[in-house]
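Labels run A, B, C, D, E and F following the written order; every chain starts at residue 1.
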């Protein structure tokens, strides 16, 4: 439950709406609700998100 | 959904409460909600129920 | 509070309708019709309703008038029954196959028998609020598409309406055993049906015609019975006019579904449940839709999952009733589903 | 409207608490604690909650004060955690094993480690409204029995309280894989766990002590992991002082349970579901209880079934909260269960 | 090379007999009798035999003389059939229930109908090589115990023969859906039978009498249908005269079974499969037996598992034939079973 | 009698190799290599082998020289291992993915890492006797295709070689959980994996390249994890140059497979098992292939099923060894499979 104020950003991966709390700091990771990508806060003013580097989980059989 | 008036009788098998509609006729089958026995209306005034003869379903493996 | 009846109430769709309607706050279930079990308690065959209702089954000819009548009888049984029941109800919602296709010729081709009430076909509104909400709001007769047809329609529609589909689509459906209904037949025996991957329709599945009618897209459909009781999934391979990437496709889905109460877009990069899967939808009215893209071959793989007895049947019908009555669309359909399951 | 928190929210019981609490009309979920996943969305691991919440997990040390705190962490983790968390909540409901037994000696014997807060044991009320409703209405600390213990207690109690039990009872428990929690271990691998009849506790199951404490009956318990994700069933063989027939036993059960909202008596002569079975209880808060009698050997076989994550865990805890808050006991627990399934 | 016939060959036990006999190097299958399907290929209903045989079903009255006739027809059908077929065969092996009990009174009590050939009961040798090897070597008529009876007999016998059993034993049987045979009935529908824990015999299971007859131990048996197609397991609680520990009990089992080709003692302290479980026995002729002890209460929990269609039926019968013919006992029964599965 | 070794013997393919090789009358298992479990008994992790062997695992560096070495280690582990092990064996049979593709560029594209021994790629013969029998008879290095690749190759080859394929084929694979190997990971947990229809590869499955290499046909492959432990099925949609009917297609399949010991053509008009299904193939070395035709759209749907651990892995490798050694091809592979199951 977001307690602080949140800004809504577009996910760089899927353009989904990602809520980011206003007190976020660079380097933190937020998660896109729609595509579940992990996004790194690469800048705070203005807020900038980038796809976090990701160990490709092997999801197969 | 009982549309007519119902009397509540005790199931002869399990003493559960069986609702029987007032316009029931002898020979009809009602069902006990609790033990699922089929009960035959063997008398109407006074209302009397008896365990209906039952083909023992084979329920096993 | 309205009064409703369910015909075919001893079947699997019928039982699911009872489950939903008995807990619906605007509805009173006036009759549950069964020809075989008239007089018996409904919880005798639907044990989940124990302690929830004392309702007993009504004979078909004892059926009176009701605000809404839901008809969920077996294949082709509706041909005769539905026309007779229309006068019993302000609104009739048919869950069978008999009034889904507008073209009686297609009906005969897919069902192997001539349609006996072709003049009625035009009067049924397809029971898909996502595509026919306005018409459903005033409909007197509604026909629910088949469960895998609903899934396919919802999966394909954003692509179809955007005009990007380049040719025939293949639809690979998978479905659990409740899709075969309540009758005991050899092929539905546990020892035979358990663990199958049974391609019961390798080509020309009947839903092809429904999908084409609803989306304008030619579909070639096969279907497989897999190990599950509830649940259906469709995997649609869609040739597209130009290479489309995930973002492009997501934009199309979002346009159609972002405000839909029962369609969720599931296409994720991580986690265990990245694309739509039926098991977490058991008992819910969701149709999850998702996609993957292969720009190299200009292909989109569109996927949808739902519970065949709910969004693919009874739940969809309740949603249509809600629309028809002007009630909030989610009334009686709030269950979120389970995990793990 | 009260504010609640769930600790252990990334686990299976934790997820089930979230499912129930997010739809509970008197409750706001203030925090979902996970040590591993703080900052992540809860629907990442609980995919059934997609579209239902934007909640993210909170770190344990960020946990503030809440009206009710539910604690659902692994075995023995509560020993340390529960005492620390009591001050965070007006009422703490622990779903773990650490505060179930009043006798620290028994705890050590069954759990293999000394209890580190024995002074608190007396202050926990057992989370079984059917036996402790009045105390729960004013409790500040509640301890939920294990899932098969709840089932056993409800199965045995009518016989125990009537004083008819003539000696030690045997309890044969069967349970699905969700009973092992969310951790990936070899024994829980699908390929290994699938289709098992795994007698993981052939003798001396830990719930013996809980059953004895709650019913006064000596119990010898074994447990088997069977093919299911959710669901637990107990089959109790009870030697009785004198031959008892079905009517006698039914009378005892009826006395205890006829007004209980979540205990149904299931002992029928016909149909497919004559005695309690878990599968139709998935997602529900029911504990179905039933029995068969063998007057020739003065034995009663008492049977109970429930969903281990609901009435055997999260649902039972919500029911206790409802009692504690003076709300209708069924709030948020209305789901009737599915059939077929 | 001998010539054999199978009566009831369209059923599940019949099909399993065919599977084993067609690959048996000393045997030629001369006839596979079915009343319903005479003239049809056997691989029509037994798809695993495709490519292995061109055999077709024979009508019952076309049955000639054979060295061994296996009879695997439904309950009570053997009463009439078995006496008639005895003259067709040098050795008849009956897999049904009708010639298992020596006492016709017990038969009537457990099967609800009078025995019509009580004079024959004494002439059948129980089909358990582990207990009747010498008599089987010269038997003309063999009666195979029920599948859960075989498991119980093998589990209990080391304790019974050592004279340590102190009273009535309880037997809790669990079994898969193939135990119900090939007939399509509502209770065996996949959607209804799937995932059950169905206590179809809470007391007085029919195998009680067989177990008592074979071991001299009073048994009270219940049985549950669980999710599986093949497989049966019994969990027996045995009160013993004095506290017995694992070593004591292991010694008793080892004495009886160390040279048995098809009984393995499984009671391990580590690993995933510590006690007997049916799933890894599918298709094999093993009966795994194991135990746990509770010296504090002078109880032994004895466990056995087998494939109901193999060691509990067709495989046991082939083993008996091997003994009768003086062949190596494992001929045609070499399959070790699968893992994972 | 030759002497063989299995590397990766603690895994699922490794265990299956042991099962088959221990019962193979021409083979002695000289070593079962495990890095984790060296010194332990093999029946500790492969409980089906209890009573069949006293073999213990060998450390990798204790591996000596053997006539045949089977390598069944995880993805990319073979890159390093296989080249080192070639000198240990007269014939090495690799079951991993690393030496399947002749083109190192394709390897990098599909496996995301550069091939470190590209010079060896040309020396491996594909382990498919149906297509490479003559070369296998003299091969020193064999590379088994993936399990769904084998199925696809056998399904498509009669069409491909007849030159009737008109364009890219789509392959929809379905597979059980044993396909993921023995490692405990969250996605393979029973509670998560159970009942799934998990489209883990919606596009671009790795077997595409293998299928293309073997058949010359462009394939677009997706794969779904379904509820099963063993078993794989592929459904291939094949556009054909001209309308083909059932008879035409059957003729093509018959030409290729009528003398094959392990390929059965299953395309029937009646019965429950009309097209290939894996469940009746568990434990067998069969690959069942079948088809349906849709002349209207010039499409053939080709279907194949097998046990991923047998014909799709260990059994195929044993068959290759049999060919290599000049033995009857079915040696050690006689198990017909079970029904019901």
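In this section, contacts are C-beta pairs under 8 Å (C-beta built on N, C-alpha and C of every residue); 3 or more make two chains touch, one makes a residue touch a chain.
Keep in mind that this is a model prediction, so the values were computed, not measured.
The chain pair with the larger count of C-beta pairs in contact, out of B-C and C-D, is C-D.
Annotation: the chain D:chain F pair of sequence copies touches via predominantly the same residues, more than half of the used numbers being shared. Ranked by how far their CA centres sit from the centre of chain E, the chains are topped by A. Chain F has its Cα centroid 61 Å from the Cα centroid of chain B. For the pair chain B and chain D, the distance between C-alpha centroids works out to 36 Å. Residues of chain D in contact with at least two other chains: 12, 44, 177-178, 186, 191-192, 194-195, 229, 270-274, 340-341.
Annotation for chain B: residues touching 2 or more other chains are 36, 59.
The touching residues of chain E, counted against chain C in their complex, run 12, 176-178, 180, 182, 184-186, 188-195, 229.
Chain contact summary for the complex, chain D toward chain A: residues 28-31, 39-41, 43-44, 54-56.
Remark: chain F residues 12, 15, 19, 22-23, 44-52, 177-178, 229-230, 264, 266, 270-273, 280, 282-284, 286, 334-341 touch chain E in the complex. The residues of chain E lying in touch with chain D in their complex are 168, 170, 172, 174, 186-187, 191-192, 194-199, 202-204, 220, 222, 224, 226-228, 231, 233, 235, 237, 272-275, 277-279, 291-294, 297, 299, 301, 303, 305, 340-341.
The touching residues of chain A, counted against chain D in their complex, run 1-2, 19, 28-31, 33, 36.
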